[in-house]
Structures are given as structure tokens and as C-alpha cells.
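Following: one structure in C-alpha cells, then a few remarks.
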Amino acid sequence: MIWQLDFIILIMVVICAVAAINVKDLLSSAIILGAYSFLMCLLWTGMGAVDVAFTEAAVGAGISTAFFIGAIFQTTRRTND
Amino acid sequence: MIKQCDNVIVQSVSRFLTPFILLFALYVIAHGHYSPGGGFQGGCILGASFILSMIAYDIAEVKRRMTEKMNTVLTGVGVLIYAGIGFICLLLGANYLDYGVLAEILPVGTAKARALGTFGIEIGVGITVMAVMVSIFLNLASGGEHEEGSVE
Amino acid sequence: MEVLCSARPLQAVLVSLVAAFLILLSGERHKNLRETWTILAGVIKFSLVASMVPFILDGKVLEYTVLTIAPGLLIQFRVDALGMLFGLTASFLWIITSFYSIGYVRSLKEHNQTRYFASFAIALSATMGVAFSANLFTTFLFYEIITICTYPLVAHKETPEARKGARRYIAYLLGTSVAFLLFAIFLTYNAAGTLDFSPQGILAGKASDSMLIVIFVLFMAGIGKAAMMPFHSWLPAAMVAPTPVSALLHAVAVVKTGVFVVVKVVLHIFGVNLLKDLGLGTALAYFASFTIIVASIIALRKDNLKARLAYSTVSQLSYVILGVALLTPSGIIGGVMHIVLHAFGKITLFFAAGAIYVAAHKSDISQLSGIGKKMPFTMAAFTLGALSMIGMPPLGGFLSKWYIALGSIEAGQWPILAVIAASTILNSSYFLPIVYAAYFKEPAAEHRQYHGVRSELHTPNSELKIHEAPALMVVPLVLTAIGAVALFFMPSLVFDLARIAVTSVTGGN
Amino acid sequence: MIKNAPVLIIVVPLLASLINIILGLRWRALSFPLMLAALSVSAASSFIALNTVIDSGTIHYRLGGWAPPWGIEYVIDHLSGFVAVIVSFVSLVIAVYTRKSIEREFPGKTVYFHSIFLLLVTGLLGIVVTGDIFNIYVFLEITSLASYALVAIGPDKRAPLAAFNYVIMGTIGACFYLLGVGYLYIMTGTLNIADLSRLLPGLYHSPVIQVAFAFFMVGIALKIALFPLHRWLPDAYTLAPSAVSALVASTMTKVGAYLMIRIIFTVFQPFFSIEVLPVMNLVGWVAAAAVIFGSGYAIAQTELKRMLAYILIAEVGYIVLGVSFANRTGLTGSILHILNDSFMMACLFLAVGAIAYKTKNTNIASLSHIHKTMPITMAAFVVGGISVVGIPPTAGFFSKWYLVLGAIEAGKWVFAAVLLISSLMTAIVFFRIIERVYFTAADPGHGKSARAVMDEAPLGMLVPVLVMAVGVLILGLFSGRIITTVIQFAVPSVF
Amino acid sequence: MEFVIGKYNYWFYIFLMMIGLYAMIAKKNLIKKLVGMNIFQTAIILFFVSMGSKKGATIPIIQAGQAVDAAHYMNPLPHVLMLTAIVVMVSTFGVALALAILIYKRFKTLEEDEMQ
Amino acid sequence: MKIFALIAVIITGGLLVFSTNEMPDWGSLASPATTHVSPRYLEKTIEETATPNAVTSVLADYRGYDTLGETTVIFTAGIVCILLLRRGKKS
């Protein structure tokens, strides 16, 4: 894989991570986390870990986010940090 | 959140998509030997298809098709298939999970028997994962109160 | 030395343990049955112990291994002359105390009598265990059991004072034993590789001098039951217990366990020669002397009868340690004999104090004026006991003091002799005033009035009437008083056993 | 089936928990007997396995028939067999106890409870018998998930919060463990413990390996709540249902301690932690702090279960302290203490559970004269307490004996003093309770005349308490035999 | 510079892990803690996956009929381990969310410092 | 708490950075991870398990026990969620 592309994805991953824990709305946080997972999954595909990437796509970007959103609707979107 | 959704587009798209998702999920499970995928991924997708219907329609609708008790039982059945295949190997005189010994009761060679054993457990994993994903989502999204279908 | 294998020591220990279970089973509902168990266990225990005497007098040793927990760590009994002396005293006095206890708790209608008798039985069982133990581990095991099972006895009254006393009791005894005694045992085990008692001592040459001194100091600090200063204050605190408990446990079983263990450590762990070389014997002797004098002075100032007796006990216990610490044959004989002789004297005093409490509800010395006329038997016994404490012939106490004095001369320690003399004077000055007041002083008016509320017994008319405690209490105390006298005239058994014990440690001279 | 005994230890409770879910929803009454049967089989298998180990040495069982570095194997040696027996036996006894308490607290959910209980035990046993470090992680997570749930269903309002903190801390611990596994894997390429211990000595001076060791230690310390990382434990163990507290207190921390011993002395050779990366002193100081801190805080507690939770922190400190001496005696003490402590803790927590079942109040101040209504439970409690203090002839004394001797042998006087001081502190804790219970009148209104009738917890709860109390009383006397038959072989032979 | 380029995956994983761990410990909101947990675990998975890669290798699906050279395929073992880890991750996540919902029902807040 | 978290995180990160220096380079063919155990999985998977996807064969066969554990984890999570959240039927 081209390392420049790799590098860009990695930087985006870090941005997503920082955003996910700093954003003041939990729903946004959930969505950003989904994006984070998806970027991760791209990264892993690039490294040849297709099975892991597949799983992460299904779980991290899919099911986890669904759980997350379901839970947020049961609780609250509000957060202080 | 999961209220009866009146959006026709969402409903019809999900109705249209669900069979394909299911088919893909089964493909992923069955084709795990040759391509990326396997019980876990397939199970997730299966579960996702149910979750999609839950979001598009409502919980009660989905529960009509698959009752809660049935879902819970499937949770156990999946792992039971897995552990049971292992146990059969034990009963056939080999070590636990040694699928090679399945060749004694299946008309194939040892390596193929292993592949078949693998396939069997993939199915088990798939069932469990599907059922658990549905069950967790159901409980999380409704706060444990399935009857009312939705809680805001 | 011939060693016999016999289960008798174990049986002697177990008898009262079994009795404790039976007592618990009988419960409050079957009072008579319950007390029968106590008496029966006492008699059986004493006869078992007594049946071993002939072997001991023959110079044999009885041994029995109960359980090997680990190499060098076993529960084992070995009966030698020293243990026999102690076991004999404790088991004999238990019978007498049992009768006395029954009289005491019944006339005071104490609550929770089942727990009382059961704890008592277990305590005796553990005392036998200490007396007959063959190694430090077994000793420690039973030592701790005594601490635990006498705790309910001290706290028996369940009043705030009782709880406070019991708290101090457990804090001192458990604290010293865990912090120091156990540590000393660890160090001993680490140095010597064994914990078995041996007449020659087991530590000689096993560790550096400074380490040995540390171990010795830890031992002496750890055996809190010996009530040496500064770890003595649990004993007066424990006087909140019912009097029979104070009588047997805090005059005989518990405290004697303490001094017995000290004697064992001095003679059988360190050995006479090692201690002589290290010069620790003399140090211990002076330390004990200090306790003797100071405790006596404190006793002088106590008005509560039991508190005065308690400080007297503190002081007298150190006699035993003093005698042994002199490390001369006579001194050791004196010290060992004092275990027995003091027991008879002190138990009499406590019994008398209890009888006075039951009959007249008086516990302060200043209230005792004239009581000799009301309770002639009790006070006569009290007088005998006090004289024995002081060391007057023809009472038992004289013998042990005589030998200890002899020992101090043998050792060339003249100051010790002075200490003994001084202590005798102090003893007289805190006991004799009580006797004097009881017989020759008129009862103080305000006391009469104050107590007159209780019943018509205290009206002037009945003042001269004899009003003794129940017979179950008076007979035991008269018996022990007689015992104190008899021991002066027939000390042969005690003396022989003590001599055997001493011969084995000093090698015959 | 004797040959397959090792695998039955794990598989039977696992299968039972599945069947329990499948059948139990239909036939509710089946659930409890099924659990008992499964745990009995598991316990019996552990006994058989341990016996086999004693007779003929370490058992290697290849799962799936694959040779070790490639497949996963069970390795049951003296240590793991010993711990497996403890865990399966104690959990069997506690399982008996759960019937009454759980039926009352969650009438509708007993089936799920039993399943999760079985899964918890499965996970614990899985950690103990496996010979693969990644497999340990998987079973660690089974155990953790099950215990999070069991803690969260506690009767108190704050129970889920305690469980949540437990989740966070537990996950950090597990992740650190996983990082350790990764670091070992990247340097050696293997996950098998035997293979690792063969490959690692050549790499001891690599910082990667040393950091991996650090991560293992921190991860496990989080799981067993070693002193500075203990914050989650008191809440979690206090607010959980009593039967659960008993189970997790008596088995989970012990398995964690077992894991620590495994990592320090089997995955890494003793040589590593003594000479290459001399951390034993540090571990010792941390453990000593845990001992003192735990006992000290226990004194300050007014609620029985919370007090026991702090005692547990101290007890974990004991075990780790014994490990840190790095000599035969100290380690013997540690391993013996794993056994004794699981019995002691089970005894105490079960007794407290029985009290809570009857009086619904476990404040120490409200216990006055409870021995009149619950004499047997209180007697068991006293036995357990005395054992924690370390008074002979109870079991606690004997492990403490070896621990202190180990400290003296290692020349670590401070630690010997710490052990004894903590004995005194726990003595204060327990005698305060004994005084309150036995020697303080309930309240002036009732007075002594109120003849309390015996009102014990149901037999199903009483018997487990008694079994544990009797165990505490007699185990100590047989500790010699236990040491000569099992523990002396469990200690690494270099000592 | 050599070591920065040669191991840049590792540096990123370390950074992500630090972010996640920090969020787990320092954030007061329960859900934010879980976000941190997710990031932490994903970072570890990134580490493992990086560890399994080989230069110039392809995905670990063997082409039937050819001689197998292990150097041509990625190391499958870390992938397997990480599949397990992902499953564990999502399970923990689900359980933790369930707990968060329970807590919210009882305290009506998700902020740690607002609960009493 | 924030300070404490920061310190903990920095210590952890520092340890990791310190040790990562010594690791084999990314994608190195000579690292133990690529040479010790894993080659067998790739070389023998078809022969031994008739499964071309090495990940599947390792997952389900060579390390099948791990996967059993993994499935059990999922199962546990499912049961746990029911136990925690599901309300009993209203009666």
C-alpha cells in the first residue's frame, strides 16, 4: 500500500478520535466513532487484514453504532465534556 | 426512537433490501473458507438485517416474526452447536474440538472432515452472533421494555 | 530419659473440650445436667492428670503426637515434671472452682450461664494443652485459644465497663502475642529450625548474640499473660469478670500459663547455660524485681478488693520469673513451686472476695470493716491466704520464697534478697490492714445506711448474725485455704516434681 | 472419561449454561439442579485431574489435537490443578447457597442468573487450566462480563454505577494484559506458555519484554485490585448481591493471583523478576501498602460487607507479598493463602449474606445480640474472622506462618512486621464486631428479658456457611499434607 | 528519521491508545468513557494488525494449486486474535451501554459528578 | 482526576515509545512473529484443513478453542443484557 495514503488515513483516524471524545453531543460522537471505525477498517484492509477489516466494518461501523445510538436514545445526548 | 415509522420510502427500501442482506449474510457464512468472512461477520450482517427491520418498522413487528423466547433460545443453540460438535469429537474418542475424527461418521477424508467441522461451527457462531446482536439491540433500544415497542 | 507414648495427655486436653460441647448442647434448659458435665469433666480431667504422676516421678516422659502439620511444625504433647506440676494444680483447682462457680452464678442469677461454663471448660482444655505441649507451636496454639475463649468470660457482664475491660484484655494479650511472641517464634524457628522444647535449650550457637538478645526480649515482651510490666494493665482490667473467673483464670490458669511459658522459654528454649553466658538471666531477674516492687506499691493504693488482689497477682507472678531467672537450682525450684503455692493462696483470696460480694455486695476494702464477724469462715480463709501471700510459715507461700531467697544467695545477687524482703513488707502492708479491719474495726455508719436499703439483714439487729455466702461457695474456699496450709507440711509431691524439672535442665547439680 | 477429565472441567459448566438457557426458559425448575450437577461434575473432574497430576505429573491436553505452539493446550500442573479444585469446589458450595437468596431477589430471572453464574465459573476455570496466554485473555473476558452483570444486579441503587466503574477498570486491565500479550508475541512469535518460557530467556534484556512484563503486572493488578488500583473493588463487592460477593471475593481475586504467579514464575522465569528487572522489592512494597491500607480502612467501615471488601484488599496484598519474597517459603505461603483465603472470604461473605437475608441490614451498629437469633451463622462468622486475624488453629494462621517465615528468610523484616501489624489491625476489626454482637444489649427497650427465638437463614444458606466454616477450621490442620502433596511441587523448582 | 518512518504505524497506535486511555480515566460522562474505551481497544487492534503485516505480502488466502511460500502471505495469527478481540470489544461495549442505561434510569444523568 | 489521568497516560505512552524502538520494523520479514509459528498455518492449511482462507482455518480449527471462548463471550453479553435490562412481565 502507498504509505502516503496510509499516512493520510492515519491522521484522519487521529482527528476522528480526538473529535469523538471532545464533541459536546453524544449523537455526533457516535457518528464520528462510526467514521473512525470505518477509517480504521480501510487502514486494515490496506495492511492485508481483510477479515479483521470486514469484521470491523460490520461491528465497529455497523452494529456498535446502532447500539450506541439506541442507548443514546434511551438516555440523553447531553454531555458536559 | 423505534416508533412505528410512517415513511413509505424507508419501509419499502428496507423490505426490498432485507432478502439481499440475508442472502449476503448466508454467503459470508458459507464462503468463509474461501474468502474473507465467516460465522461472526455473517452473523453480524444477519443481525443487522433484523435491526434494519426494527428501525424501519417497529419492534413489535419484528417480534411477531421472531419471538423473544425463540431469539434467546437461538443464542444458546448457536454456542451449543459449537460446543456440541466439540463434544461429539470427544465422544468419538478424540480430543475436544478435534474435527478430524468426524471422518469416522462422515464420508470424507480427515482434512475435508475438518473443513466440514469448521463449517458447522461457523453456522453455530453465526446463529449466536445474530441472536445476540438482535437481543442486545432490542434491549438497548427499548430500555428493556419490549412490549411498548418504543420509548422516547 | 525414658519416653513413653501415651494418649493420656491428649485425653486430658480433650475431656473438657468434649464437656464444652455437652454443656452447649444441654443449654439453659437443663441446668443440672449442664453443671454435672462440668463437674464430671473436672473430676475425669484431674484423675487423668493424676494418673500420669507416677510415670513422671519415675523420671519418665509421656509423649503423644497428634498431628504433623509440616516438618518441624507439629501438634505434640509431652508431659514432663514442670508441665505436670502446672497441669495438676490447674485441673485440681478446676474441680473446686466449678463448685464455687455454680454457687456464684446461681446466687447472682447470672445471664448466659451456658456460655460461661462452656468458655470455662475450653479455657481449661487449652490450659492443659499449654501445660503438656511439646513445642512452642503447640504452646502458641493453646495460648491463643486461652486468649480467645476467656474473652467472653471477661466481657460476661455485658456492661460498658465490662466491654472496656475486655477490650483492653484482648488488646494486650492478642497484641503482645501476635506482635512479639509470634515474631519471636518465627525468629526461633528460623534460627534453630525446630520449635521442640529441649532441656538443654535449642538456641545455643544457632544465632548471633545480638539476635539471641532480640529474640529473648521479644519473648519476654510477647508473653503478655505473665503480666510483667509494662504489659500488666490487662490484669486489673480483667477484674470486671465474675469472681470465679478472676479466681481460677486470673490467678491460676491464664496468668500461670504466662509464667509457665516464660519458664519454658527460659529453661527449654534458651537453656540455663546460654542465658548465663548472655547475662540475660540477671537482667530478667532485675526486671522482675522492678515489677514486684512497683506492683506492690500500686496495690497499696487500690481500694477495690479485687483490684488490690490483681496487683498483688502481678507482683507475685514476677516471683516465679525472678526465681527462674536466677538460673540456680534453688531459685528455679522456688520459682516453679511458687506456681503451685501462689495458686492455692491467691485462689482463696479471690474466692473470699467473691463470697463477700455475693453475701454482702461489698467490693471495696473500705467497706469491709467488721465483716469478719459476719463471715467468719470466709474471713478466716482470707487471712490464711493473705498470710501465705506474705510468706509466713506455716503456709505454703513461705517455702517458695525461701527457695527463691536461697537461689539469690546462690547466684550471689544480694540486691534480690533485699527486693524479696521489701516485697514481703509491702505484701504485709497491703494485706494485713484488710484482715485488721475485718476483725477489729466497727462497720462504718454511712455504709450501713447506704446498704441498709437492700434488706433487713443490715439492720443493727442482724448485724452480728452470721451471714455467709452459700455453702457451695464457702466450702471451696475453705478447702483451698486448708490446701495452702497443707502444702507447707506436705510439700513432697510439689517439691519432687520441681526437683525433677530442675535436675533435667541443670544436669543434676 | 478419565483421560478427558481436564476438558470436562470447562466444558460441562459451559454446556450446562447453554442448556440451561435453552431448556430453562421452558422448565424453570430444571435450572437449579442443572447448575448443581454441572458444577459437581466440574469439581469432580478437577479432583480427578489434580489426582492424576499428583500421581503422574503434569497433564497436557491438546485441544483440537494440534501440537502445542500451533494449537491450544491445557496444561494442568500442581498449581493450576490446585487452584482449579479450589475454584470449582468453592463455587459449588456457593451455588447451593444462591438458591434462596436469588429466588427472593430476582424471582423472574433465576434462569439467567444461573447461566451467568456458570459462565463465570467456566471463565475462571478456563483461565486456570489453559496453557496459552491469549486464551487466558478470552476467558478473562468471559469472567469479567459475567461478573459485571452479577455486580450490577445488586439490590442497591448504586450497584450499576459500581459495575460501570468496574467495567472501565476491568477493561483497562484486560487491555493492558492484551498489550502485554502483543509485545510478547511480536518478540517471540508464539503464544504458548511453555514455548514462551523457552524462548524468552534470550530476550530478557530487551526493553520490549520488560515493558510487556510491566503491562502484565499492571493489568493483573487492576483485575485483582492491588493497592493503588483498588478503587473499584469496595463499591463493586459491597453492592453486589451477597451470594455474588461471596463468589467473586473468594474466587476471582484468587484466580487473578494465580495468574500473577503464572506470569512471574512460569511465563517469565523467576530469574527475570529477581535479577534482570528487579521489581520484586517494588511489588513487595506495593503489596505491603495494600495490606496496611486494606486493614486500616476496614477498621473505619461501619457496614459489614464494605469492611469485608477492604479486608479482601488486604488479603490480596498478602498473596502478592508472599510472591514478592521470591523464595520457597514465601511462595508456599502465597499458594496456601489462595486456598485459605478463598475459604475464609466465602465463609465471611456467606455469613454476612445470611444476616442480610434475615435482617436486611448489615450495619455493624445494628448487629447487637444477633447471635441470639442466628447463633450458627455468627459462630461461622467468628471462625472466619479469627482465621483472617490469623489465630491458630484456624487456616489463616498457617498461611500467615509461611508468609512471615518467608519474609524472615528473605531478610525483609519490614514486611514481616507489616504482616503482624495487619493481624493486629484485623483483630481490632473483628473483635469490635464480636463485642458488638455478643456483648452489647440490643437496645434498652427490649432488655435481657426478651427471649429471642432462633431464627436462622434457610438450610440451603446455612449449610454452605457451615461447610466453609468447618473448612476454615480443619484446612489449617491439614496444611502440612496439602503442602507436601501439592504445593511443594507447585513452587518453581529453582527455589 | 529512519525509525519514525519505519514504525509510523506504531507511533499512531500509541497516540490513539493514549487518547483512549485518557478519555476513559478523565472524562466524567459515562458514554464518553465508553468512546474512549472503544478507541483504546481499536488502537490495540491496530497494533496487532500492524504486527501481522509483511512487506510485499498479500492477504492470507492461499491460492490453491501453487507451492506455498509463507513469506508471500500476511501472518494470519494476529488477525485471528484480533477477530476475537473485536468480538470481546463489542460485547463489553454492549454490556457497558446496558449499564449506562440502567444508571440513567436511576440517576437521570450520565455525568459521574452529578450522581449522588 | 484529569492530572492523574494525564500522568498515567503519559507514563504508559512513554513506556510504549521507549519499547517500540526495539521492535522489529513494520512489515519486517525477519521478525519472530512472521517466522516462528505462523508459517505452518499458511503452508499446511489446505493440506490439513482443506480451507484456503488461513484466517478461517486458524480461527475455527487450529485455535478453535479460542473461538469457542469468543462465542461464549458473545453469548455472555447477550444473556447479561437480558438480565440487566429486560423487565419481567408485568403481573
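Miscellaneous remarks
We just call them A, B, C, D, E and F in the order they show up, numbering each chain from 1.
Everything below uses one rule, namely that a contact is a pair of C-beta atoms (placed from the backbone, for glycine too) under 8 Å apart; a residue touches a chain by one contact, two chains touch by 3 or more.
Keep in mind that this is a model prediction, so the values were computed, not measured.
Common neighbours of chain D and chain F, by the contact definition above: B, E.
Note on connectivity: the fewest steps through touching chains from chain B to chain F is 1. Using mean Cα coordinates as chain centres, the one most removed from chain D is C. Among the chains, the centre nearest to the mean of all shown protein C-alpha atoms is found for D. Across the two interfaces under comparison, A-B and C-D, the one joined by more C-beta contacts turns out to be C-D. Chain centre most remote from that of chain E: C (centre = mean of CA atoms). In whole angstrom, the spacing between the mean C-alpha positions of chain A and chain D is 37. Here the spacing of chain A and chain E, counted between their Cα centres, is 10 Å.
Computed centre separation for the pair chain B/chain E is 24 angstrom, with centres defined by C-alpha atoms. Put simply, the C-alpha centre of chain A and that of chain F have 19 angstrom between them. Taken residue by residue, chain A touches two or more other chains at 50-51, 55, 59, 63, 67, 70-71, 74, whereas all remaining positions touch fewer. Looking at chain B, residues 34-36, 38, 40, 72, 75-76, 79, 83, 86, 96-97, 99, 136, 139-140, 143-144 sit in touch with two or more other chains. Taken residue by residue, chain F touches two or more other chains at 16, 20-21, 23, 33-34, 37-38, 41, 46, 52-53, 55-56, 59, 61, 63-67, 69-77, 79-82, 84-86, whereas all remaining positions touch fewer.
Partner chain E is touched in their complex by these residues of chain B: 34-36, 40, 136, 139-140, 143-144. Those residues of chain B whose C-beta lies close enough to touch chain A in the complex are 1, 36-38, 40-41, 44-45, 47-48, 51, 133, 136-137, 140-143, 151-152.
Against chain F, in their complex, chain E makes its touches with residues 3, 6-11, 14-15, 17-18, 21-22, 25-26, 50-55, 60-64, 68, 70-71, 73, 75-81, 83-84, 87-88, 90-92, 94-95, 98-99, 101-102.
Looking at the complex, you find that chain D touches chain E at residues 134, 137-138, 141, 144-145, 148-149, 152, 157, 160-161, 163-164, 167-168, 171-172, 174-175, 178-179, 181-182, 185-186, 191. Partner chain E is touched in their complex by these residues of chain A: 3, 6-7, 10, 13-14, 17-18, 20-21, 26, 29, 33, 36-37, 40, 43-44, 47-52, 55-56, 59-60, 63-64, 67-68, 70-72, 74-76, 78-81.
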